[in-house]
Each structure stands twice: as C-alpha cells, then as structure tokens.
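As structure tokens, here come the structures.
Next come two complexes built around chain A: one with chain B, the other with chain C.
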Partner chain A sequence: MTNFGNGSSLTVADKYYSQYGLRARELKGSGKKIIGYLSVLGPIEILTAAGVVPFRLKGNVSEAITKGDAYMETIICPFVRNVFDAAIKGKFDFLEGMVLPHQCDSIDRTDDVWANNLQLPYWHYLNVPHVTDDPSIEFMKDILRLLIRSLEKLTGKKITDDDIAQAVKAHNENRQLMRDLYVLRKSNPPMISGTEMMKVLVAAMSLPVDESSALIKSVTEEVKARPMPANGKVPRIMLIGDQIDDVAIIDAIEGAGAHLVMDDLSIGSKMYWTDVDATPDPIQGIAERYLRKLKIPTTFVGDGNTYQENLEARFGHMKQFIKEFKVDGAILFIYKYCDPYGFDVPAMKSFIESGGTPVLYLEDEYSTSTLARVKTRIEAFLEMIA
Partner chain B sequence: MAFVLGIDVGSGYSKAVVCEDRSIRSFAVMPSGGDYKEIARTVATKALLEIGLSFNDVVYTVAAGYGAGMVDFADHSLTDISCHATGIHHLFPSVKTVIDVGAQFSRAIRLDNDGRIANFILNEKCAGGSGKFLQTIARILHMNVNEIGDLSLTATNPVEFTTACAVFAESEAVSRIAEGAAPADILAGLNKAMASKIITLVTRVSYAPDCALTGGGAKNRGLVKAIQEELSTTVLVADEPQITAAFGAALVAFERIQAR
Partner chain C sequence: MAEERKPRTLATKAAASIPKFVRGNLAATLKAKEEGKKVADAYINDGQDEIIRAMDIVPAWGESFAGVCAAKREAEQYLRKAEADNFSRSLCTYATCTIGFDMWREELGGEMPPKAPWGGMGRPDMIIGSAQQLCDPRFKWPQATQHYLQDVPVYVGGMYYPQWDPNVDHHEQEEIYVKYARAELMELVRFCEKHTGKKMDWDRLSELVNLTEKTWDIFIDAYELRRAIPTPMDTGDAMNTMVPLTFNLATQEAYDFYKALYDELTEKIKNKQGVAENEKYRIVWGAGLPSWFALGDFHYFNEKGAVFPVEVTYRNCEKIERLDLPPTNDPLERIARRWVRMWTYWYDAARKRKGSIPKVERIISYIEEYKCDGVVFHSAFSCRSWHAGIVHQAQVLKKVYGDIPILIMEGDIVDISSYNEADTHNRIDAFIEALDAYKKRSQ
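Right after this comes the complex of A and B.
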C-alpha cells in the first residue's frame, strides 16, 4: 500500500495526472515490467495476474502532433494519433510492451504501425470479437488464453487460475471503490467536482491495481470529510464519449456554470461499472465481462427483438445514470473520425432525448486548439437548459 | 428610465448598442482587431458619445460574443446565441428560425413560441458558409465585402460552384475568372453556394417559419435572396442586422435591472 503521508490524496491524484507515467517510470526503475494498453478492453485482470503493471496510454490534448503524422494517416482518429505521437517521441519509453485490441479501425488497422515503429520487446494483438453469442465467448476465452501464454513467455512465470482469480478480486475491489467515490457525485451540489474526478480517473489508470485502490479509497475519505458545499441551482451534466482523459473540456463545462456529475466515458464509468464474475474457470467471467457486460460501440451488445429493445440494451444504462445522478443535460463529445461512436450518435441522442433529457452533440479534435468554439456551444447549451 | 449597454465582441466586428429601457438610442460597429478588451471599451465609448453619455450613465452592461470574457466592465455575460434569440424575438415575435451569418461562424437557432432557444447549431471549424468565405472572395476580386450583395444581384448567368469550402472556393473562383466569368456571376454563384451550406444548418435544427437573418452576412442582399430562394419564403431582416446580438444583450441588461 502506498502511504500518502500528510499530503492530500487529491494532490497525489493531481501529481499523477499532470506528470502522467511518473509512477510507471519509478516502477520500471525498480524492475517491474510495464505493459501499455489503449482502451477499455484491457484486459487488465490478465496483465495484473501476470505480475506486470497495466498502464493505460493517453495523449496530451495541449500538445501538437509533430512526429506521428509521418507514420500515421490523418484520417485516423485524433486520439490514437496523439497517443502514437507521444509514444514515438519517447514519452512512454518505460514500456516493456503493449496489448492492442481488435476494436475500431483506427486501432486495429494501425497495429502494425505501432508495432513496427515502436519496436518494443513485447507486442500482443488481442483479437476481440464484435459479437457476443456463445461461440464468441468461446473465441474470447481462447484469445485470452493466447494472451496468457504470450505473457508467460515474457515473464518466464506460469499464470495460474489462482493468480487470475486473485487479480479479478483485486480489480473488482478497485471498481467497487471507484463506484463508492462516484456516489459522492449524487448529492447536489456534488461533493467532488468533475475536474477532480477526472484527475482521479486518470491517475488510477496509471497505477498498479493495489496503489490505484489505495488512492481512490483515500480520496473518498478525504472528500467525505470536506464541508458540504452550499446548495445551488446549477445544471447537472453527464459527459458521454470515448477516451476523454483531460480536464480541459470539463473545465469548459464547469467554468460555464455547470456541475459535471456523471460520465459514460471509457476511462470512467465504462471502466468501473461492471465487475467480473468469479467463475470456476476464471477466464469465463473475464470473457463475459468484456464481451457482454461492457457496453461499447464496437461490440454488438443487445439481443432484443425490436430496435427499441436493442437501444435499451445498448444505452439503457445511461437513462439509469440520468435518474440516479439527477442529470439535467447530457453532452455527447465525439472525436472526429471516430466511426463507431459517430454511427451511434443519432440513435444515442434520440434515445436519451426521448427520456426528456436534452443532449448537446459535439464533434471535435483531441486537442485544445478548438476549445473556444466548443465553449461557445457548451455555454449556449447551458443557457438553453437553464 | 435607464440606460443599458449591450456589447457583442465578434471575431470580425464588435458592436455596441445603447438602449433606454428597450429602445435603441445609439449603436456603433467597429472591426474587432487583435485586442478584444480594448475594442470593447472603444466601441462602447463611441456608441455612448454619440448621444452624449459616458460609462457612468450606464446602469447595466451585458457582453456577448467570442470576446465576451474580455469585456471587463460588463456586469454579466451571455453567449451571442442567446442574445440573437432575445434580439430577434423582440424585433420579430413570429420568428421560429434565426440564421446568423457572422465572420467566423454561421449559426441556426430554433426558437419556441416564447422565444426561448429550443435548439441551435453552429457551422463546424470549416469557414464555408461564414463571412470569412465572402471576405476571401472579395479580396481576390479586389472589392469591398459590402459591394458583393448588390453586384451579385446583377448577375445574368450565375456560376455553379461545386464546393462550399472557403479554401477550395477560392481556387474555383480563380479558375472561373481565368475562364472569363463576370464578377457578378461569380458572386451570385458564391452566394448560392453559401446559402446551400447555411440551409444544411437550418435543416438540422428543424426549420420552421418565420425565418430571420442576422449578422453581417444579412447585409449582403444577394445572400438574402439566395437563402429566400432555398427556403421558398421571405426572410426577415432587421434594419441593422449586424447589431442584433448587441441589441439582445442590451435587452437582457434591461430585464436584469427590472428583476432586481
């Protein structure tokens, strides 16, 4: 367990957020192997079970892409390009290797670009299926076994079922702790701001699971101990999108006079809302969680008989969030060239609006260069729903 | 009776409107330039001086627009989208769809029966359909942007533009000049291309009549005509369309002192 000393745990989160990768670099120095992953598909339980440190990659929205575009086409999503640019510039030189999933075209069609240019000692392509029927679960289990074997080769150590069960337990606990912290956003006003929450989410994804859990737990305690802020009539916003991993957009929302109280982001609630069941074969639970419980646009979740039932299966949880967190308006923030989300926009937007919650749809770069125009839209949206 | 001030610092022009209660007493319009803080003060001073007032006479100031955050003497700030809505609803209560053609952005705003914003959309980063597009073309034709409208109305054979992209339209205009097309025909074609780009925004907010056009773009009579043709209806244009958001801001300022 990490000792946070006398310093505030939110300050620690801020440190790991602003100096992203700081702890991973230290751990690498002490002989740990750091494996990068790029999306909510992880799978972090397997990496933890292997004794390596899963480290989620992020880019920097304030930094221009200066080297990456020499290797990657500009029709690739700006998030992937920005992270790749950071990687090629050596920002992640502590990585032993990476696991890239079969997810969207921007990720899986660039697998070879990453692999060939980064030349890391370890590379694994995780061929996650897009459908969720029973044969797909069998397939998913097989590809998880392939990952296990390749990690065993990297570490020279066998990964037992018990190792996996232990890792599942640790990550379930981690997710529960994060959900406990989310509960503090339900009050009006929320006890933790959206900006603070973002920093905790980003810090958490850069740490080994035990350190992440300790940090989240201590942030929760710290936030609970704060004096309750005065009640105000401020709109409560939910942010929906893929990997939004910077406070810039949240500052824009909260700076315009709203509270960000909930998210459906791939580094946020998507990551923490569903657990892995402890199944006799631990791989079964992991396969089911990533394939069936996780609601992402690249996985065809939903076996409803009607279009409406399918929408409910895919986006129903968002209506639940809106109810539980008393959300007044949703902001759907999609990166340019993100086809999976892009195609989901009309259905998602009308589904949420059908419940009486207004939605602002924004399409933008993974960059602060366009923030001023995004701010105008957010301000107008807030004025509209006020 | 109270004097209120509405300021709209746009990316192209800054506008100030002085109202006595809800009536416009004076206004000023100046290019924004590179110092929003300075221009806000200058344009407000100009409008105030016109009727012999100073800042001390102003009870309440509301700032709007791209540079609203830089207006340090404002009591309140709002987006220009809200201010356009307020201004137009006051001028033309029957309007349900507002089209604003500004220098950097075009916006379509849909109002409900009470003049509240029901939906809005801005053009994306692309400058097609914004005033920038007209400025670019005015530059290559060596003319003033204010002359575009009238000249385009004299067109006999409008050029068909295949793009509404401001950058590609520039090269397309140059090729048409090289082919001998008359400036009036080029401008009429551009207004048409711009109108179709704007109509896509209008369609996205679920167009409903009546429709009003605001912003500097509304001073281009050729563009007004092109939009009317696309919508097959008359489009309402205020006498001074460019100051609509500043006027709306002044109205909000008055409402706020009433509510105190």
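Right after this comes the complex of A and C.
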C-alpha cells in the first residue's frame, strides 16, 4: 500500500491528478492487468473481484483534439471524443483492455470505433439496460454473468461469489470513506476546497480500491488536522453534470469568490453515495445498485403515481444535498450533444428552483477553449445570488 | 415566411400516395376522441406496433410529425419554443420540434398552434417509449414530454440485442435477450390494459404478428425488385415509401401498399422504366436519415444520371425466412425474437471477414447485389444514433472492400440552419466526377 508520509496525502492526490495514470502504469509494470472504463456504470466490483485494476479514463480539457476527429464525428459528446483522442494518441498504452458499459448513444455508437482502432487484447461491451423493473434486474444479472465469464477467460482464474462479496465490501468501504470526506464540505467555510476535492476524486478513480481507500482516509485525516479556515460569507455552490474531471471549471467558480461545496457529478457523489447491498447472490446487489440506486439520467425513472413523484425519484437527492450542504446556487454544466442530460435540463432546473435555489445552466464543451465565456456567466450568476 | 418549394418529382405512384398515409395518421390522432380511442405518443422501430394496434390505441408519431414540419419548413418555430425552455439545439430535433409543439399546444389549452402542419397532432393519453440501443431520445423524449403533459402516464420498456463483438458468438447470448424483450413486451401489455381498460385479445395479437411478418416479406420482395437496371425506384422515393412499414406496421393498409408497390415496380421493369433518364451511376445510401427539407437533392443526383437502388435507412426489416425463426405460438416471443434477429442479422457475415463490422457487411452486400458504384452517407448533427460511427463505417469499408467512392454529406433532419444548397450541390458534383473516374478505372 502507498505510504503517504507526513501530511502529504493532498500532494499525492495532486500528483495522481496531474500525472493521470501514473500509478496504473507502475502497476502494469509489476504485472497487473489494467482495465479501463468510461463512466459511472463501470462495473468496478466485478473488475476488482477478477483481480484486475479498474481504471477510469479521463481526457484533458486543455488539450485540443488532434487525432480523434479523423475517427469520430464532432456530433459525439465532447468528453467521449476527448478521451478517445487521448487513447488513440497512446496516453493509455498500459491498458490491457476496456469494459464499455451501454450508457448513452455517444458511447454505444462508438463502441466499434474504440474497439477497432485501439485493438486492445481485451474488450467487453456491457449492455446495461436503461429501465429498472424486475425483468431488467434479471437481465442485468445475466449480462453481469457474461462479463464475469469473459474476465475469467482473460485472467484464467475463476471469479467466485466470495471474490465478488469481498470486492463489494472493499468498494462499499471506499464509498463510505469518500462520503466521510464529503462531510468536511458541510462546514462554513468548507474544510476542503472544491479544487482539492476534485483532485482527490480524480486520483481515487485511477487507483486500485485499497490504495484509493488509503488515500481518501489519509486526506480526510490531513484536512481535519488543518486549522479551520475563517468563516466567510461567500456563496456555496453545487455543481451538477456528468464527467467533469478537471479543476478548470472549479477554479472558475472558486476564483470568482464562491465555494464549491457539493457536486452531483458522475465521478463524485453519483459514484460514492450509494452502496451495493450484500445479498446472498452478490450479483443481485450489484444489479440493484447500478439500476435502481444510481441516480443518473441514462436510467429511466417514471413509474411514480404522479409526475411530482417521478421528479422526486429522479432529483430528490439533489434537494437533500442542497439542504445538507447549505447550497446557495446550483450550476448545471452539461456537455453539448449529450441527449441524456440535455433532455433533463428543463425538469431538473425547475425542480431545483422550486425549492428556492437558483440554477445556472451552461452547455459547453469538454475544453478550456470556451472557459472565458463560461467564467463571465458564472460571475454574473454569483453576483445575482450574492 | 418559408419559401414555397416545388415538390420533388416522384418516380412511383406508390410514393405519390404517401401523403395520404401521413395525413391519415395525424388525422387519426385528432379523430380518436370522437371514436372513443386512446392516443399514445409512440416511436418507430420499437417493436411495439402489434401491441399498440391490437389494443386499438392510435399511435401519434413525433418522428413523422417533425419530419412533416421540416419538409414544410415550419419546424423552426417549434425548435425555438423548446430552446426557450433550455432544450439545447444539439439534441435530437425530432424530439425538440415535437416537444416545442406540445408545449405550445398546452399553452393554448389544447388548441393547435398556428400553422400546425396538416392540422397538427392530438394530445396523447399515454406515452409509450422504449429503452434500447436505438437511441437515447426514445426514453428521454417521453420523460421530457411528461414535463409539459404531467397527467399523461409514460411506459418505457427495454428491447436490446447483443452488441457486435467479433470475438463473441451472439447466438449463444440470444436467449437472454429474447427472454428480456418478451418480458418487457408483457409489461407493455399490462400498461396498455391498465390505461385503456381493455383486455388484450391474444388471438388478434397473433393475427397482427402474422400480418406484420407478411408485410416485412412483401416489403423486401418489392424493394429487391429495385435491383433491376435501370432501377425503377430510388431512395428519393423510398424516403416516402418507408412510411407504411415504419408508421403503419401491423395494419392491412401497410401490407396492401407494398403489394401495390410490388406490382407497380414489376410493371416498370417490364417497360424498362428507370428513375433517371439515362442511368449512369448506381449508389448505395449507406446510412443516415435525410434532410427532410432538402429531399430535392435526390432529384439533383438523378439529373446527373445517378440513382440509389438501395438504402440502409428505414429498411429495418428482413425477409422472415432469412431470420430462420423457430416456431412458437407465443406472439410476444415472436415479436421479441424477430427484432433481436433483425438487429443482429449481419453479424455472421461480419465475423467471416476479418476487420469488418455488420453495418459494413450490409453495405457490401448491397453494393454487390444492386450493382452499385459508390456509397453516400448523410451525417445529421442532431442524431447520434444513426450518424455517430459513419466515418468509421466509411473507413472500414475502404479497408475491407476497396477504394470505392464515398461521399459523406453533412446536415440535419429538421434544422435547416445546418444546410447550404450550393455547397451540397458542389459536393455532389465532385462525387459524381469521382464515380465517373472509378467506373472508367474498373471497366
């Protein structure tokens, strides 16, 4: 396990954030198989149980797409395009393979493009359904079993129920540790800044679960031991979106005089807020978490008795976050060409606003090239809610 | 004021009769109330047609309505309406156009918004979406619509198929998918029963499944007549003649339409009547929904002696015997398996050619069977479902098949702001030159 030394865990997080994939490359050097995944639907428990290292891919918002456009249309989600560009440029050359869960058209329709052009030794498309009724849970279990069989082929090792139960336990602990760290954002001012938090979130998704847990725990201890910052009267912001995995937008928020105190991001609270239940058949708990507990717009939720009930089921947790983290304003940061989030905007925005919290909706690229415009809008929003 | 455009010249009588179908479908949604029928917002190729028809529910097709708005160049007002409530212009414009219309109709207390094409579309009593690999809007659009029609119940069912993977035998996974799709169709039956107050007539459903299978067969029989040289019908017409298959499946009218088309094409072949006066080049429409406001571009191709005897778009069916369906008396299983096999139909062929993919195998087979010299794709910016991956298809085609001329046009299905006629025609001219050079080289 990584030794973080005295008070250096935030520095370690910063290192893994800035040199993304550093640890995965080392682990590959020591004979580990690294399997990439792209979204919150990445089946991390199963990957861990298989003895491979799950590694979530990210792009680089400061780097222009130079190679990817030759393979992928510009009508695809800018995040997916940017990550693919990094992959095709060889930034993830330590990957043994990837698991691509069916999340959205941008991922689904580019499966061929990734698989054929990267030519990794291992490839698996995990056909996660969008609906959550009982037949869907059964189907999800069936497709998780297909994944298990294919991973067994890759590693030559059987994945037992016990392996899965152990992995579930390790990932639940990891999620609990991250939630403990989030608690430190509740104070006013928060004990950990949004920028620091982003670096921890990104570092965590690049590490094997035990190392990730050790890092998060150590960061929490380090942050707790710091002197409490002075009480300030600045707006407290929540950021909502899919894979926002860079500090640029957070710097823009915090640089304009606000605190980012909570998120509903797919590398953040979406990933860490709900655990897998320990069920006699461990696959059952995993299927239920991914379909029913994860709050993501690619899962259809709509069987409430009233529309209001549907809204509560889809976005109610955001109101809870607003209350618990004393959020003054929410920023929806949605990538262009993202149908799943894009179609949610009017409903999500009015739902949050109905609780009295102002919302700024931004549609943007996965790129810093448009940051100046975004900054101006954020500044105007913060002025409005100040 | 939208510019009045001359309708495109159609090659077949069948295509000329299509506006009647489209109008009829829209009118049915308006008349349903008088007839005591329920209306459901529905989405094409979801495998739900037989159930909807068997329950006497009138489908309201947003994709058709938005296409009509686009063809009449009336979509912009609805797109703006949706945009004003923060629907991005980068989302599926079929959805945003229809949602904009729905929002406006609600604001007017149920009255049709001004200039609603062909009398507009009726308010649904329910929304029947589908979560599947076809596209995200198939389940996000219903959800977004419910935001404005909050009393309207929504059902979204799943119907998936094994994703293509050259290293996986999809046949081994088929049962998982059929079992799931069947269970979800059963959930749809329950939903329809609940919201119509009627019980499913299972015999009627079986009859409609038979009728649908017969319709798939006659559709393919008719379309395969287009192999003839000169071709008696091209994609310009097929963008019309797809309507009964797509929007009227599981009705006798749809079957009769393709029977009539079959007879008409047979007659044309006998008389050697082609689409183009002097057919010189034959092209596969490789993928992509068309720009509904610019269907005249097909005519532009025809004027240059170029015809499209075959297209991938809207040919979402296969000859039933080729699908080799095992016998069963369960209509839901028949629907489920037919669709799973349809979506995976080209997998075996792709597995046989190293580096290939099913979509490319389909194009190759069309190139060969319809004696084509080139491939045209249309990339519509607002729909990832059919249009993401077109560049890849073109690359794989070149790699596994050879250096055949390929044109990728860029535009949209509904949003006219993406279109420039002069540029498009210039690109077509250059492509025709490439086709000419290719033909000369290969002679």
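Operating definition for what follows: the second predicted complex is superposed on the first by the 383 of 386 C-alpha atoms of A that agree within 3 Å, B and C clash if a C-alpha of one lies under 4 Å from a C-alpha of the other, contacts with A are read in each partner's own complex, and residues count from 1 in each chain.
We adopt the following convention: contacts are C-beta pairs under 8 Å (C-beta built on N, C-alpha and C of every residue); 3 or more make two chains touch, one makes a residue touch a chain.
Worth saying up front: this structure is predicted, and the values here are computed from it rather than measured.
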item	value
Room on chain A for both chain B and chain C (clash or fit)	fit
Partner chain(s) touched by A:72 [first = chain B, second = chain C, both, neither]	second
First (chain B), second (chain C), both or neither touched by A:174	neither
Partner chain in contact with A:212 - chain B first, chain C second, else both or neither	neither
Broader residue contact with chain A after superposition on the shared chain, chain B or chain C	C
Chain B versus chain C as contact partner of A:112, first or second or both or neither	second
Chain B versus chain C as contact partner of A:337, first or second or both or neither	second
A:284 touches, of chain B and chain C: first, second, both or neither?	neither
Touching partner for A:357 - first (chain B), second (chain C), both, neither	neither
Superposition-derived minimum Cα distance between chain C and chain B (Å)	5
Set of chain A residues, in rising order, touched by both chain B and chain C	363
In the complex with chain A, residue positions of chain C that touch it	85-88, 90-92, 95, 129, 131-133, 135-137, 139-144, 146-147, 150-151, 154, 156-158, 160, 162-165, 167-168, 173, 176, 179-180, 183-184, 187, 355, 357, 379-385, 387-392, 395-396
In the complex with chain A, residue positions of chain B that touch it	66, 78-82, 105, 116-120, 122, 124-125
Chain A residues touching chain B - in the complex, by the definition given at the top	363, 370, 372-373, 376-377, 379-380, 383-384
Residue numbers on chain A that touch chain C, as the complex places them	70-73, 75-76, 102, 104-106, 108-113, 115-116, 123-125, 127, 129-131, 133, 135-136, 138-139, 142-143, 146, 150, 297-298, 300, 302, 306-307, 310, 334, 336-337, 339-340, 342-347, 349-350, 361, 363
